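Shared chain: chain A. Partners: chain B in the first complex, chain C in the second.
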Partner chain A sequence: MNHLYLKGIEKGYYHSDSDSFELNIPQLTIQEGELFALLGPSGCGKTTLLKVVAGLLEPDRGEVLLGDQTISKIPTEKRGLGMVFQQALLFPHMTVEANVAFGLKMKGISKGVRLEKAKSMLKAVGLSGFGDRFPAELSGGQQQRVSLARALVTCPQVLLLDEPFSSLDPELREEMRDLLKGLQQDYKLTTLLVTHDVNEAFVLADKIGIMKQGRIMQIDQPQILYENPNSPEIALFLGARNVIYGQLSQGVFRTGSFKLAVPGKEEFYQQSGWIVLRSENLKLCPVPASTEFSQINRDLILRGSVVKSVFSQGSYHVTVQIESQSVNLSFPADQSSKPGLGEALELTYDPQSLVFIPEY
Partner chain B sequence: MEKLTIKGLRHYLGFPMGLLLALTLALPIIALLVNSLSFGWHWPDLFPQAITNRAWSYVLSTTSGTYASVGLSLEIALIVTLINLVLGMPGAYALARYSFRGKLLVEGIVYAPIIVPAFVSTMGIQMTFLRLGLTESVLGVILAHLAPTLPYMVRALIISFQTLEPSLEDQARTLGAGWWQCFWQISLPHLVPGIVAGASLSILISLSQYLITFLIGGGQVVTLPLLMFPFINGGDLAIGSAYSILFSGMAGLALYAMSWVLKHYYGKRLDFHI
Partner chain C sequence: MWRNSKPYWLVLPTVSVIVILFFGGLLEGLAHSLGYFPAAGQLDFSARAYHKLLSSKDFWLSLWLTLRISLLATLFSGILGMGISLFFLRNQQRKSRISLWLQGLMNLPLVIPHFVGAYIIVLLFMQSGYLARILYGFGLIQQFEAFPVLTNDPRGWGIILAYTWKEAPFIALMIYPVLKNIYSNWLEVAKVYGAKPWQFFIEVVVPLLLPAWTSSCFIVFAFTFSAFEVPYLLGVTYPQMLPVLSYTLYTNGGWERMPEAMAINVVLTLITGVLGIMAYKLSRRWGMPGGRS
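And now, the complex of A and B:
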């Protein structure tokens, strides 16, 4: 059993004078073979947590367990982990092959065997033939691939990744993600990934933990997390553009003069909270909703006027003022012409996609 | 008229400047060489009256004590440099990596010997060594040579440690390298240029010490500067000149030997300059 288990981890965390807090993780389990992503803004303590797992930082309290064994007292070099940092951190005075073979050398594996393993691992990351070069002769993406190969070649029990692709170009990042996902699944590696990139976490992770101010706010599978955020901050962080505070009562959500029908949520009575109205779930009405040809339920129609309209990457991103509330939505540019400022729009939405987060 | 540019300047002045530089470096050596081979070269003669190998045959004879003092000078310089490395490495590491109360004071004390005149500190060292019975001994001279050489070693190593990424060591540890392996495999190769710089200065400064060696060694520890001083100081300028050339050769060879050893050990992977 190689699952990773953190129990009662506490660590004073001092980012700067104004931003110091305590890392506090009551418990966290990462199943064997699972890719778990810790997602949070910079400075939320996620790298600190990773270093605690690696043994590079000692927690004030708490234990790290691998399987049933505590590894808290074992020094980093004997924990049998693989780690990839934000920078490739290749050893500049060694060839690429010697870099990859370094971990095996530390294990006392004979030169012939370790160089052979290094070669085949370099092949797995698509860098065969680069073994004799020095790190300075490689591009950033190649360096990070070598770093990944170096971490994987020792067959670590747990792979720790600290924003490994954040310093790469976007296209390269995507390529590296595919490579990582493939290797992680091939080797069935228990993996803990730390990232501030929402997209990266969603593409890679089997499970995501959202971190803020040293605490894990919510843990779930990506889609469940996306569809059911348990706080407005998480909803915003995961990309919801419209998180509106107001009151839900008998299936109608109100804030100021803005009203939204929320069928299926009739159990709430005068409950304050946030409604998450995703911009991709808001749609333009194809024909004027007032005509009798319209198929759309009249309760689900919002009318407003355009206050902002931007074209970007094949879509229009439009802000519509509906009564007292401004609402953001996006739709493909081929559906209609670009809405002009002040233009009146009729919108509709799928009530099933609405999420209400009650305030307690 | 052609525009005056840096490139143009280099074109027109490159050769004369190079020649001037070469002459500046070579002229003293040439003068010394001529002086060491001359016999009775007095003002206002333009050339020496005769050429003789008298000075050189004395310097290179076994009775002059040259070989012993060259050996002793190199031995002292080498031991001083090794002690500097052992002392400087942890000191420089701490000064480069940690911030602690009184750090500035510690740095001040480490660098003090190159700010305070050597004569001042040597007088104090001599008084102490007299009490400890360390004067007139090679050990005493070695210890006294540490004062003017250690600051340069520490300075060079601090700069090397400052440019060594600490996360590189973290990375090595996650790959299974213990403390010693981290130091030997990762840190040390990075430190080599700094070590070369510090060791070169340490060797050169130790080799050229006269006052400290004289005061602490009490004339009993005869390094090359001590051996040649009486000749330069009016005794016999021809022999003094021969010793000067010998001294330059010894220092140059010592540096060359050190860089050769390091280059062959680390191959072409490192660039460093002496």
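And now, the complex of A and C:
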């Protein structure tokens, strides 16, 4: 079993009262063959945690276990891990092939065997014939492919990825994600990815842990996490644009003069909290909802006026002032002409998609 | 037009002075070595001085001594300089008073002139010097003569000591940024892939450091090979290092020995040039992409 288990990991940096940081992970399990993404903003401690797993940083307390064996006291070079860093960090004086074969050379594998393996791994990452080149002769994307090949060729027990594609341009990033996902599944690698890119985590991960200020706030499968964030910070971090604080009572959410019917949540009585109203779940009413032809439940209609309207990448991103609350929504540009400032709009929403996060 | 050529015009005065003094001096030395001495009424060119020099036992002894001293001083400074750099690197996070004090001490030779350094070596290492007195005081030697002859010795150990002490911090200063860059970029990568510290040093640090190390060692070699004041102060009268021999011939040998003195300088320049090309080729071969891996 190659599952990775972190138990009671603590690591602190104390400079001054205002400038201190503490990583605190009571427990975290990454199942064998799983791609687990640690997602969080810069400085939340995800790279620190990755380095603790790699043995590049010693935790103040806690244990790292691989299967049933603790590896906390084993030096990095003997842990048998693979790691891809933010930059490719290839050795500039070695050929591509020698770079890929470096880990095998350190294991004492004979030259013929290691170069053979390096060649086949280069083929797997789509770089056949590049073996004799030097890193400086490759593009950024190709260098990162070599870096990935270098990590995979040693058949690591766990693959660690430290924002591996953040320095690549978007198109290349997508290509690399597909490559990584394919290879990770082919080799059934237990993988720990740290990233601040929500999209990257959602595309790649089997499970995501959201990190903030040295702590993991929530762990779940991507879709479940997206649909059921347990804090307003997580909802905002995952891209929700309408996270509104107010009070929910007997199926109606109120904040100021803004009201929202929340059917199915009648059990709450005067409960403060946040409602998450996703912009993609807000829709323009096709015909005026006040007419008799409209089939929309009138309780689910919101009326307001446009205060901001922007066209971007085939969609309109609109901010509508509804009573005391401004609400953001997006819809494809072909559904309607661009809403003008001050234009009155009628919106409706799917009540099942609403998430209420109670304040405790 | 003016905009494009302006930088060149601005540096022209400085470049002119350097070119005239450096290449002019070199050409004049070459002309003198070939017997062209208008001041002495000698206007013919001949290779007589070179012939005389190359058939002289004193010259070969001096050349051997100069090469030996320069190579050993360069080697010791190179190794010590790398050691100092590694020491700085290991202590870069530590800001303890003793660590800062040690770093200051290691940088000290950089600001001390060579002849002062030579004088310090004399005071410390001569048979009646401070070190001998300390050893005598502790009863480790019974008489001052038991202390080895390290200054003004025929093998040039005093000169080697002086140059090693003076040039090691220079090499450390030259390679430290490169070393820091190597360690901050590739140490973690190498560790993750199973490299032990010595393997990292051999496989990554040495090849990447070699160009900077070779260049700085070559600068030290070229300087030591052609420097005058330290061998003059710490050397013996026979055999002399080539720069001292050249000076002696030029000042004490009369008009007829001056071409030989200049021929020695030309030989020094040629050897330095050839070794410079070799050092360049070596660093290209071992340390750069496209070289051995």
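Everything below uses one rule, namely that the second predicted complex is superposed on the first by the 353 of 360 C-alpha atoms of A that agree within 3 Å, B and C clash if a C-alpha of one lies under 4 Å from a C-alpha of the other, contacts with A are read in each partner's own complex, and residues count from 1 in each chain.
Methods note: contacts are C-beta pairs under 8 Å (C-beta built on N, C-alpha and C of every residue); 3 or more make two chains touch, one makes a residue touch a chain.
Computed from a predicted structure; not experimentally measured.
When both complexes are superposed on chain A, chain B and chain C clash. Once the two complexes are overlaid on the shared chain, A:L81 sits against chain B and chain C alike.
Applying the stated contact rule after C-alpha superposition, one finds that A:L89 touches each of chain B and chain C. By the document's definition of touching, both partners, chain B and chain C, reach A:T154. Contacts of A:K107 after superposition on the shared chain: both chain B and chain C are touched. Contact with neither chain B nor chain C is seen for A:L238 once the two complexes are overlaid on the shared chain.
Of the two partner chains, chain C is the only one that A:A136 touches; chain B does not reach it. In the superposition on chain A, contact of A:V194 is made with neither chain B nor chain C. Residues common to the contacts of chain A with chain B and with chain C across the two structures: 54-56, 75-78, 80-83, 85, 89, 91-93, 102-103, 106-107, 134, 150, 154, 160.
Across the complex, chain B is touched by residues 54-56, 75-78, 80-83, 85, 87, 89, 91-93, 102-103, 106-107, 134, 150-151, 154, 160 of chain A. Across the complex, chain C meets chain A through its residues 185-186, 188-196, 199, 203-204, 207-208, 287-291, 293.
Chain contact summary for the complex, chain B toward chain A: residues 165, 167-168, 170-178, 181, 185-186, 189-190, 266, 269-270. Listed in rising order, the residues of chain A touching chain C in the complex are 51, 54-56, 75-78, 80-83, 85, 89, 91-95, 98, 102-103, 105-107, 134-137, 150, 154, 160.
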